[in-house]
Each structure stands twice: as structure tokens, then as C-alpha cells.
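Letters are used for the chains, namely A, B, C and D, taken in the order the chains are written, and counting of residues starts over at 1 for each.
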Amino acid sequence: VKKLINAPQDAVDEALRGALLAHEDLIAALPDSPRAIRALDGPRPGKVGLVIGGGAGHEPGFWGYVGRGLADAAAVGNLFASPPPGPILAATQAVQGGAGVLYIYGNFSGDVMNFDMAAEIANAEGIPVRSVVTTDDIASSPIESRAARRGVAGNVFIFKIAGAAADRMMPLEACEAVVRRANARTYTMGLALEPGSLLETRRPSFDLGPHDMELGVGVHGEPGVVRQKLASADESADLLLDRILTEMAPQEGDRVAVLVNSLGSTPAMELYIILRRVRQRLKARGIIVHKSLVGPYYTSLDMAGVSLSLLHLDAELATLLDAPCRSAALTLP
Amino acid sequence: MDSHQIVDLFRVIARRLAEARAELGALDGAIGDADHGNSMADGFAAVVRASAEAATRGSDVGDLFVVAGRSFLNAVGATTGPLYASALLRAGQRFAGQKTLAIADLPDLLAAFAAGISDRGKARPGDKTMMDVWGPAARAAEQPGPPRDRMARALRAAEDGRDATRTMVASVGRAARLGERSLGHVDPGAASAVIVIAALQEGLAHHLAQDRP
Amino acid sequence: VKKLINAPQDAVDEALRGALLAHEDLIAALPDSPRAIRALDGPRPGKVGLVIGGGAGHEPGFWGYVGRGLADAAAVGNLFASPPPGPILAATQAVQGGAGVLYIYGNFSGDVMNFDMAAEIANAEGIPVRSVVTTDDIASSPIESRAARRGVAGNVFIFKIAGAAADRMMPLEACEAVVRRANARTYTMGLALEPGSLLETRRPSFDLGPHDMELGVGVHGEPGVVRQKLASADESADLLLDRILTEMAPQEGDRVAVLVNSLGSTPAMELYIILRRVRQRLKARGIIVHKSLVGPYYTSLDMAGVSLSLLHLDAELATLLDAPCRSAALTLP
Amino acid sequence: MDSHQIVDLFRVIARRLAEARAELGALDGAIGDADHGNSMADGFAAVVRASAEAATRGSDVGDLFVVAGRSFLNAVGATTGPLYASALLRAGQRFAGQKTLAIADLPDLLAAFAAGISDRGKARPGDKTMMDVWGPAARAAEQPGPPRDRMARALRAAEDGRDATRTMVASVGRAARLGERSLGHVDPGAASAVIVIAALQEGLAHHLAQDRP
């Protein structure tokens, strides 16, 4: 697989450098911690600081969600590897405004350990830290063990809710509570047509036959939960949506937000065909779509595929979702 | 073994892991995110750099392991970072204040590693993780006998543990999301743990060969 | 090549349907002309109407650039095929506010003929129409025959300038003049690592060896001007930038806007690595980067590759580029 | 030939173009954007639908060609839309008000097509376009003789024109951007023009065969 990179081991830092240059009006690295990215707008005294993060390879995650009305800082690790406690702690110290700091990150063993270590040190330094570990990927574990699920593209909604809550000067406990609710009400499932390919080897990270697709993939190039015959766009959309609706069990008249996310190399035309089907299906069920996002919001290097995320809104979540924000990846006026 | 000689041990580990970078990446690719080779190789490369510097500054053995643990963590993050950092920090506690590490205590290193990883990761036997190597290896090394024999027993136990992961279904870590599909694949963390233990044994043999003129 | 589509012949309409649903707060199709997309915000009496358009397959072009401060309407054709005069004329009639209408589209024989036919009818109906045919693709013809060049991703800048000029209620002649200047000062060059693949056959539109890339590609899956050995990200960026700078011949202290555009399946990480190199090179030449855009702004189905566009700013162009706008693909606060 | 029989002619063209859809797409893919097969096939499919309806409504031959031209344009756009629309509209002018088209006038259809395409597209001979087929074909059809012979000569000239495009460097249209690289490839518009002319001849032969019981 061909790639526009230089030395593979430099790709993460070079891309981050590019992001900081492209979005220099919005974000900057901390002087002593180049993998800790803070918003130029912020922090504000009395506002809960919001720190997100995870491995590289999800661009525009995570720096793309740093900005006014979103996260105050992001810590970025190596490719598909949680950042160590160092940059997380540096970000924490940089953005705390006396009201505590909220961590939000996907549920991966590495992220949990590293963010926990940073939180312990921050707490010891007198910065109250709460953590919400996101678990929106319904394919990754059965409902009985929901807490074991991965956090994937639904993070975009959860970051947005959190950013708006903090921006409204809600206290730490209240921010944590609403973000937990957003996480509990966010459902994602993904599928891949092609695996991503590794930077070093430029080879696919797993083998997938020409007539197969992987259902239930995450955002780290991993294989999915089950392999099946390639399906049409509408069948694929239904596979994802049916699973999500079964768990969400919305009532007629309920409101949702929808994200059709490219895992990396799936182009806009295909995403919009999927979105169209999802919208048709939701309309038929009498479910109101409050907002639709379509694009490469949370990627898995150059994997070909999509994920579908639905956020089951309530009145407060809808208000927070609609609040203005401005970042490299998400700007609402 | 003084601090410089322990740095040499780290060098052997780093070299063997660098050689296995692609292979470990492929193992991780089958059931995870394919980065395990990078994490281990980069982590121990950082350990060599930081510990060599510390040894030059005159760090004792205990401090050397602490420096090693911090540098691994900062270079790598990921799951491996906290786990091997805990392993190395635990070794630092075990050998705190010591100017040298007695060969007879080398098997204790395995016990410290296993305890550190177990405390941090909380994986149980059969979870299909590196603990399925470190646990049996540490127990095998505990049996009395000359250090070389104990290390050799540890390596055999490690290899058996690694091979046993093939028949396990992962229940913690990234591969747990694959459910039954993780069956039939060797756990990458178990494979790299064997490489670390084999490198320790190799380093020990080398050290003993140098000592006896 | 695997694709998330249904029947290939429905892909264009289904994707457009999805776009209209996803962005229903911004755009809508004209009731009697489903391929003519107008902004919900607009038209305003006395404002020059701005109509853009071209073939499908460039998503989010062209509907993505319809909105306040950008185009008032877009006409979309079949895949890589100019729209016929019908939807262009319908868009013209819908958005004219008594101050005339400006057409902007890329220089392709089909677009020229169809937009000209629409303009003739509109003029005959008493709607003054001016047209700017964009020619930013420097690879597509030598400097001596600049007028024969293609219009490609640089359109994004040109649409933005035009939208801001019209939004400021500049008269038709003044809009036309500033847009012509923007076009004359916009330089684009692209390269492809992989061809796109056709919807019907799902096969690559041309053959490209595993160690080759195509230099000077457009945005219709066509082969480029020359084939060469695959290069690193920095070498690739230099290939594009050197050609552009030679023509642009900027002075130290000059200002430019930069667009690093994905042709479809090239992921964000690679785009940002390219942007980084471009920024470093420009900095070394003492050229000031006023704005950087990075992403899939103007695609060529699922082609793997990038294009680099530079707009050589002057004071008026910089002001117009910075003006607020709101559309599916470009929002500036 | 009445309006219904002209619709039958369009049907033959549409069928042959549908069969060549992929082949024309591949020709266009080599030097253009690969859509020419779709444009031609979809365009004449639209012509058949619209003209069949018009014929049922009782349209005369002139109107039929006008309806055909409009429907081609609206279905297709692209480069081909205005060009073939102009061709069909020019034919509509030529046969305006006529209830039937005399077989003897059929070669005139080629002249009308060539004139319409030339006026709209302004391509010159050797530009590597469909004009390198329509021009020679129309001139060949002008030579006196029985209609079938004139059509046969036209088809031979068309095929020669098409083959000649292989050795031309495109100077208008999309392929012009390829410069020298367009050498060696048949122009897709030239190839489809030959299919249209061959289908006209086929339709004529079929018509004559039906007429003679």
C-alpha cells in the first residue's frame, strides 16, 4: 500500500507538526511537552478543564477536538498507543482553572492505565480529576459487559457534550454526570472493507478477501468481530443500524444525532449514501434526527470502512450538542 | 553485576526485541493493533539510552531500574508502558540501594517483574496476556538451584506459557474484543515476554563467560 | 476495489440525497430541478447571485460550497460530467436578486458548453450573466496556453473569494473582476498514488504500477501528465510546490493561502505531513501563510493522492478570504 | 421512414451503445475520465424514451429530432450532451415539417450531425475528437450513389477516421491535457461515432429488408 510519508517512525510527529501549523490559530503544543496540545482559547478560571487523548492514527482525533466549546487539551500517544502519563499530566496542569479537570478517553487497557496514573499524580498535587471512560462500540462486548466495550467514534459526540457543559461553567461533578449519560446513550458500530496498512511495512494489518468485509471493527486497524460477504451500501447501513436500534430501543418521536464516520479512506460519496439510508430508516421509525455529521471525524489510519454512531438525545444533551464550538474538526456557529 | 553490566543486559534485550519488531507487530496485527513490536523495541531502546546515562552518572542498581522504568513509560505509553514500567520499578524497589546485583538474585528479577506486571495489569492466569509467561517463569525461577539452571527452567516455563496462549480466548486487553477469534493465535505480549526472558538468559551466559577468564 | 454503494447508476443521486439530508439546515434542491441545489440562506435582493457547478464525484464539491458567504446555488451533473443547461438555468433563475448572476466552474469542454448555453438563455430572459472559467491546474497546460488549463481544487479558494465579494454587495462587474484575479493568482498541482475506480466496474480507471505515481493528475480520475517513481512525502510536496513557486514567483513577505487536498482516499495523517513540509519550505522562502486548509475539499471519487493549491494573496483577496462563511464544507466564524 | 421507424433507428443506436458501454468507458479511462460509455448509452436511451413518446403523440420527423436533441442534452450534460444535442437539433432543422424521411435523404442526416457537432464544438480535423469521424463520414456520404452504398462508404470513412485518431495528439477536450500521452489511444468519441454510424447503417438495412416483402 502506497503512502505519502517520510521515515515511518517520524510520521506521527510530522503529522502532528503539520496539524499545529495548519491550525495555529486554534491550538499549540505545550512548550515542554510536544505531545500535549492545548487550545489557544482557554483555560478560564473557574471552568472545569477538559483533557482528552489517546493514540495517534485517528486524525483529526484528538487535536481536532481541542478548542472553544470542546476540549481544553489533548494528549497524543504513539501510533495506536496511549500517551504516557507525562503529557496527560502536563495538559492537566496547563488547563486546570481551579474547578478540577475531567478526562475523557476510550476504553483501552493502555489508556486506562496511563490516564489513571496521571490522575493519581494530579490528585496528589491537589487537582481534582474525574475520568469518563467511553464505551460506545456495541460490537466489542455484549450488553451484559457494557463496561468492557471500546470507545470509538462516538467520542466525537461525547467530547462535544463535555465541552459544552464545561463551557457553561457546570461544576466538575455535573460535567462528569452529563458526560457519563452521553456515553451511556451513545452507540457505535463499524465495518471495514479493507484493513488499514502499517506505516513500517506498508502492508495490510490483516488479510481480508476480495469479497469479504469485517463487521464490528474498532479504530486501531484491528480485525472486527465477524467476517461476512461484502454487502451493498444499504445492507451495510442496515447491519449497523439494526444492531444499534436494538440496543437503543428508541420511542417514536425520540431525537438522535447521527455520525457517519469514514475510517480513513472511504470517500464522501459512499458516506453520504450510507447517511441517506440511515435517515430513511430512522424516518420510517418516527425517530427525529436532530443533527447529522458525515466525514472522516475519527479515523483508523487508512482503513476503508465506516462507523455509524447514534446519540440518543434528551433535552439537556440536545442543548449541549447545539452549543457553539470552534476547533479544527468541528465548528458550530 | 554492576550498573554497567546491567545496562549490557538491557542492550541484549533491546537488540533481540529490535530483531523481533516486525514479527511481534504481525502477531499483534492478527488479534490487536499491530503496534506491540514497536512498543517493546522502542521501549527497551529508551531503557538502554536512559540507563546507560544513569550508569555513567554513577547510579546504583536500584536507581538504574527506576530510571529504566520511567524511560520505558515515557517513550511508549500504550499498555506495555505501564506494565513494563511497573515491572522495572518493582525491580528498583527490590534492589534499592544495592551497588551490585548478585547473580544468585537474578531469578528474583523475574519475580519482581511478574509482581509489578500483575499488580498493574491485574490479569489472571489464562487471560491470554504476558502474565501467562511472566507468572510461570517467575514460579519456575523460584525453585532452588544454581542461577543458570533456574533461568533455564524459567525460560522453558516461559515458552510453554507462550505456546499455551494459543489455545486461550483473550479476556483482557485489546484482543478480548475478538472473543473466540483470538483462539489459535499466540498472544504478542506473551511472545515478547519470552524474548525478554531469553535475552536475560543470553546476557547472563555472556556475563558468566566473561567472568571466567 | 470495494465500494459502499448500491446500484452504480444510483450512486450520484443517492449521495446527493444524503448530502441534502445531512445538511438540511443549509441547502435544498429546487423543487422542479433536483440537481440544482440552493442555499437556504439567500438570495438577497440587490446581491449578485453566485452559481457554481460541475460533475458529481468531487464531493463535497459542489453543494459543500453553497451557503452564506459562498455560492447561492450549485448545479451538479452526472459522474464527472457537466450538468446540462437545465439545472444551471433553474439555479440562475432561483438565485438572481436583480444584480445579475456570476457563474464559476472549471475549464472543461463540457462545462464550458453547458454553462454557456444556460447563460445565453438567461441573458435572453434579461438576467445578466458573467462567467469565470477557472484554470488553476498548472500541470494541465504550459504557461503560454494558460487559458487551456483545467480548473481543479483551487476552486475552493475562488468560490470563497467570489462568495465574500457577492456577500459584500459588490456589483457584478466588480465581482467578476476580483474572481478573475483570484483565478489568475491560484495555482494547483496534484499527484496520485492510485487511480480512482469506476462505480460500474469497480476497477481502477487506469493502471499504475506498485512503485509508480502519476504527477499532474486532475480531479476526474484521469491519468496525470507524467508517471514517475514513488517518492517520499517531502519529495512529493517539493515536486508540487517547486512547480507552483516557479510560476507564482512570490516575493519575500508575500502572503499566500494553502490548500492540501485529499483526492479521495488519502487519510489526514498523510495530508498533514505534506502540509508540514509545504509550510517549512514557504517559511524558508520568507512567504507568509495566511491560512491553511487540509482535508478532502475537492475529491476525485476514491483516488489516492493529493493536490496542493496556493492562492497568492493581495490585500483585497486576503480580506475576502477571511470573511465569515457557512456551508457544509467550509465554515469560518 | 415515418417517425416510428426513426424511433426504431434510435433503438438500434441505443442498443449498440449500451453493448459498448464498458468498452467506451475503458477507452475514455485511458486518456480521459472514463464516462463516455455512460454518456452515450444513457443519452441515446433517453432519446429512445422521449422520441417514442413524441412519435406516439404524432410528432413529425423534424420535431422528433428536436425532442431527441433536448432529451439527450438533459439526460447527459457533459461534452457529449451539447455536441449530440446540436447534431440532433440540426437534423431537426434539416427535416423540419416533414412527415417522413426519404431513404435517399438518410445520408443527409450524417451531414446535419457533422455540421451541428462542428458548430458547437469547433474542433478541427486532427484534433483527435469525434469530428475526425463525423467529418469524413459526412463527406463520404455526400458522394452520389444509392443510399446503401453511400452509407457503406460513410461507415468505411468513419472507421478510417476512428483508427486515425490513434496517431493523433489530442488538442481539444479532456485528453488534450495528456499531451503526447494521448498518442496510441483511440479517441472514445471517435469510437462511439463509428458505433452510431454503423447502427444507422444496420437500421437502414433492417428497414429495407422489412420494406421488401
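Just so we're on the same page, contacts are C-beta pairs under 8 Å (C-beta built on N, C-alpha and C of every residue); 3 or more make two chains touch, one makes a residue touch a chain.
Nothing here was measured: the structure is a model prediction, and the numbers come from that model.
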Legend entry - Chain of greatest Cα-centre distance to subunit C: B
Inset, instruction - Can you check how far apart subunit B and subunit C are, centre to centre, with Cα atoms defining each centre and the answer in Å? - result: 54
Legend entry - Inter-chain centre distance, subunit B versus subunit D - centres from mean C-alpha coordinates, in Å: 75
Inset, instruction - Measure off the straight-line distance from the CA centroid of subunit A to the CA centroid of subunit B, and report it in whole Å. - result: 32
Inset, instruction - Treating touching as the only link between chains, describe the layout with one word: line, ring, star, complete or other. - result: line
Legend entry - Pairwise chain contacts, counting only pairs that touch as defined: A-B, A-C, C-D
Legend entry - Residues of subunit B that touch subunit A when the two form their complex: 21-22, 25, 29-35, 38-39, 42, 73-83, 120-121, 172-174, 176-179, 181
Inset, instruction - Can you check the complex and tell me which residues of subunit A touch subunit C? - result: 2-6, 11-12, 14-19, 21-23, 56-57, 59-60, 193-194, 210, 213, 230, 232-234, 236, 264-276, 279, 289, 292-296, 299, 301-302, 304, 306, 326, 331, 333
Legend entry - Complex interface listing, subunit C residues touching subunit D: 55, 77-86, 108-110, 113-114, 117, 137, 139-141, 148, 150, 198, 200-201, 205-206, 218, 220-223, 225
